[in-house]
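Residue numbering begins at 1 within each chain, and the chains themselves are lettered A, B, C and D in the order written.
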Amino acid sequence: MLEVRDISVRFGGVKALTDVSFTVKAGSISALIGPNGAGKTTMFNVVTGFVSPVAGSVKFMDKDITKAKPHRVFNSGISRTFQNLNIIPELSLRENMYLGIIGRDKPSVLKSAFRLNKQYWKTTSDEIDTFLEFAGVQDFQHHRPSSVPYGVLKNFEMARAVISKPKLLLLDEPAAGLNMAEKERLAGIVRKVSADGITILMVEHDMQFISSLAQYVVCLNFGEKIACGTYDEIRNNQAVLKAYLGDEDA
Amino acid sequence: MRKINPFPALIAAFILAAVGLTVENEYYLGVAVIIMIHALNATGLNILLGYTGIISIGQAAFFGIGAYISGVLSATYGWNALLTFPVAFMGAFIIAYIIGWPVLRLHGHYLAMATLGFGMIIYILMNEMDFITGGPSGLMGIGDIEFFGLYFGLDQAYFVLMSVYFVFVLFMLELFDKSFLHYKLKFIKSSESASNSYGLDTVQTKLLVFAFVAGFTAVNGSLYAFFVHFISPVSFSLKYSIELVAMATVGGLGYITGGVIGAVILGLVPELFASAEDYEMLIYGGLLAVCVMFVPGGIAGTLSRLRKKDA
Amino acid sequence: MQFLYSGLTGGSIYALVALGYNIIYNTTGLINFAQGEFVMLGGMLIYTLFAVFGMPFIIAFPLAVVTALIVGLLFERVFINLVRVKSDINLITVTIAASILLRDFAMHIWGRDTVTVGEFMPVKSIELPGGVISNQSIMVIAVGACIAFILHLFLKRSKYGRAMRACFDDMTAAGICGINAVMVRVMSFGVAAAVGAAAGVLISPITFVTYDDGLMIGLKGFAAAILGGLGSFWGAVAGGILLGLLESFAATIMPSGYKDAIAFVVILLILFVKPAGLFGKRMAKRV
Amino acid sequence: MVRILAVMVIILSCLTAFAGEVKLGALFSETGPASYLGHPEKLTAEMLVAEINAAGGINGDKVVLVSYDTQGDEQRTINYFKRLATKDKVFAVIGPTTTGSSLAVKDLAEKFNTPLISCAASATIVTPVNKYVFKTPQSDIHAAETIFKYMKSKGMKKAAIITAQNGFGVTGRDALIEGAKVQGIEIVSDEKFGDKDKDMTSQLSKIKSASPDAVICWGVGPAPAIVAKNAKDLGINNLFMSHGVASMKFVELAGTSADGLKLPAGRLIVADRLADSDPFKPVLMQYKKDYEGKFNMPVSAFGGHAYDAFSLFKLAYEKSGADKDKFLAALAGTKNFKGTAGEFNMTETDHNGLTSDAFIMVEIRDGKFEIAQ
């Protein structure tokens, strides 16, 4: 479904990524791992169009999206979450859901302004209810993000990404900063999303979180791909162990 | 579907009508017309500043562009006033689009300075291109608005025209505030990268909003020109741009009523303090500073918070 | 050739104002829209001390600068420090508000009329190839250069200067290393105000002082800072002088009314083409 | 009972309003860049109103002065003019101070049926002539003529002009170019400067390279003082100024560089240097004595404009009473009135009534105005 081929990225003189290639199969849950500074988030930014690579190509559903702007990438069916959440602080969670809706449907400005779309408002409202419930955040829907626990916001962000009906969902460190119970809940949500037929690619540190979810793992270090395969293959890979030694427990 | 709130518009219409009927004094009508124009401009800026997050310290330029397009077409070429409005709108829209294309890629201080610089350049052009604009001594002989046999040369008639337009615009803005578009803009204001990754073309949207508000501001400029019949660059200087920022901020950024409240309060300052004008700018600066420092959301924001607490 | 001499005079003033912007930008990352008002303040203070109280210039000059420095410190404490939500829009607006207030206070203290400071020394014109330059202008250029040099030493060598630079690189890290970040921010406003005021003192006998002078000179100083590259010390100096020369040269080849537009065209062009400025370092783009 | 009383009070107050007083509006730029013009005008008007009321008013009507500060801003002027005409319901207005503001309210005077006696210089205020609009200062065209005649008498033929980019400068520039043609003076360089400019060296060095016999600077406010300074630095001699700087404030600003400057001015600033036989001397000395005695500051030509404006109003009102049409006719029929600016002879087509005789060339020597030789 997603084909990344020989991607290289430079920031000034620094090599952030060098000739990285991997593929993501439709319907799978895949993970991008690696120590800090390995280039995982940069890879995400390349796929979603925030960073343009100096070489290589990104293909999504056989369409080249290498040079596409972020909003075009989204339109082709890729949603993402952010490491630092990006939830609009001055609106309630429920109102924040509209970001997913507006991005997906691009409702006509005129129709909306002249209130010719009552039916549409009603359907989207029901839809929002469904997805808030799906992520288990309906109790907080009228709160502003500042008064909502971090774990709930993480779940909420999933709901917002899913409501936009993507084909591929990119999750940037979904489990970071969560306690065990919250991780469990999130993993459950991720499985439900995957069961709905949405392909998932995530960047994650937490190997345990990955072990229970990911079917396919790509490991980066210093901007290069050092290994790929199933979780078990990666777990025993010498290069991966070496990369993680002294950095984090693998 | 969010409910629209017809009360502010209705109340405004009622007050305006009452003022129009009871006040026979042309002077106060004139003040009211000018304040309405300030309110519209401040509201336009509020859409940029409070909704979309575009810092523009050059709105006076678009106001002036509208006033001069209408003024010159009417005074020099004898056009019917009504025909000059679309030209003013389109003129400012196109200029804003061209200027916005590079400028809106900037953020924060850079954006503020770029719009300010643009405003200054337009101001200098108004002064220097005296063969078109009449230069610093101003442009005289601007005609009156006249259509379908209605004549708006007198202040009373103009006041009625202005009130109708004003209430209409407020109503449209209320619709906007309760539409998807207002969410779209607030998303862009809050996080461009998030909006981008949810499929919103932020640059294009900002550009259109910027250009549209410029066009709207230019139409206000035309209304101004046909009201005072004399325009000179002084009215479109940086000072006015900053006054608009003050009005929008004091009134409340991100609230439709903000611009109106700010314009009424600050617009009345010169009237109330006619004898102590020295303190006018002091009041402007003081209110602005206090609002920024201690009253985020301005007056409209505070009011809405109070209302929510009561409910 | 004449434009070279008058351009240098104006340019060294712009350079000093641009340095003021830089000092604040480098420590706090914000643009102080009230920077120009300190130039006006410098002029007004020297008028009060030198022309009204009749102090000798050698005492009045430092006294004016120190007074401005104190005003700068208070400025930060009152306006910047008290802003609750330190967003870009709020900080821009509060410095604009502060500039209105400073201007208005100046108007109430010194009146709306233009005031003359008088001359710091007997004026003489000196013949140079292709034009003349007055000894006043030479003093402006020379003292301006001295101030820039002293400032350079201050930032490079002194404890405060190094603390200021550390803060710009990483506020948190600087804090961890025992640098009092708040103190540094306050100091930077003080120093910037002092430099601005020094510029105001220098130029006052040539241009007179009016309460609303600050706006224009502030904007032009900013144009110079952008031209040279915001944040770069010698970039600001070069930008200031370049802008002075450009303005002065432009007045000789086109209708002089357009002279003021030069600075703003420069702002726009640089922001479009090379936002880092002619001599600035490329800034890392953050997503 | 209360109602009857109230009605009576109203009637009474109306009666006194109609019988016993005449409201005169005043729009002066008391503050702002043109404050040194407007401030003495305001003081003069107040002084004259107090004098006339002490003497029993005009035809027994007390004069009530309603004055607003325009700050030299056109928009304010328009607003205040409307306020004077509709809210304060004044009979006539004297002022505004500056050309720009006067032009801004020119059309309004007719619209609101309120006569206007402007204190601003430009000839465009009264050309084309408007039934309701008059002005007291000498026109810039007369000033230009005076300068050119003086130049010719000294054998100078080539002039360079440097004019301000404001209402005064722009109309002055037109008058200079027009006047030069008539007088056979060649204009070799034509430069401009901004109201708030701080350095005119570039323009002046351009002028210098055209090697004119004389440089004429047209502006008001602090900018001409900077021109004088820069010109001195550059070694430009024979600098002429406009009548717009005929005040001690300018001499103060320009300091030593004002020495030797020549400008056309009304006789007022050199009143005590005039020969005793001069027909204007009595009126000038009287005004000078009153003003300087009362306010303890030197008299300026601008205060004189307000003096003339008020005197014209007084003369016409004496003849006409409260009838506006008669008042306008009387004003337009003013003859042989010796004011501070010169002798006014108004006609239907000349609402200024002065000629270039109203000007004499003066020179600044040692910080004082002297009659130029």
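FYI, a contact is a pair of C-beta atoms (placed from the backbone, for glycine too) under 8 Å apart; a residue touches a chain by one contact, two chains touch by 3 or more.
In this text the structure is predicted, and so the values were computed from the model without any measurement.
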item: Which of A-B and B-D has more C-beta pairs touching across its chains; value: A-B
item: Most distant chain from chain C by Cα centroid; value: A
item: Chain whose Cα centroid lies nearest the overall Cα centroid; value: B
item: Euclidean distance of C-alpha centroids - chain A vs chain D, Å; value: 75
item: CA centroid of chain A to CA centroid of chain B, Å; value: 41
item: Geometric centre distance via CA averages, chain C-chain A, whole Å; value: 47
item: Centre-of-Cα separation between chain D and chain B, whole angstrom; value: 37
item: Touching two or more other chains - residues of chain A; value: 50
item: Contacts with 2+ other chains: residues of chain D; value: 31, 165
item: Sequence positions of chain B contacting 2 or more other chains; value: 127-128, 193, 278
item: Complex contacts: residues of chain B adjacent to chain D; value: 25-28, 30-31, 34, 127-128, 130, 135-138, 140-141, 228-230, 232, 234-235, 270, 274, 277-278
item: List of chain B residues in touch with chain A within their complex; value: 1, 4, 172, 175-176, 178-181, 183-184, 186-187, 190-191, 193-202, 254
item: List of chain D residues in touch with chain C within their complex; value: 31-33, 35-36, 165, 191-194, 196-203, 205-206, 221-222, 225-226, 229, 232-235, 249, 252-253, 255-256
item: Residues on chain C engaged by chain D in the complex (per definition of touch); value: 2-3, 5-6, 9-10, 112-114, 116, 118-119, 123, 125, 131-134, 203, 206-208, 210, 213, 216, 248-249, 251-252, 255-257, 259-260
item: Chain B residues within the chain C interface of the complex; value: 49, 53, 55, 57, 102-103, 106-110, 112-114, 116-118, 120-121, 124-125, 127-128, 193, 238, 242, 245-246, 249, 253, 278, 281-282, 284-286, 288-289, 292-294, 296
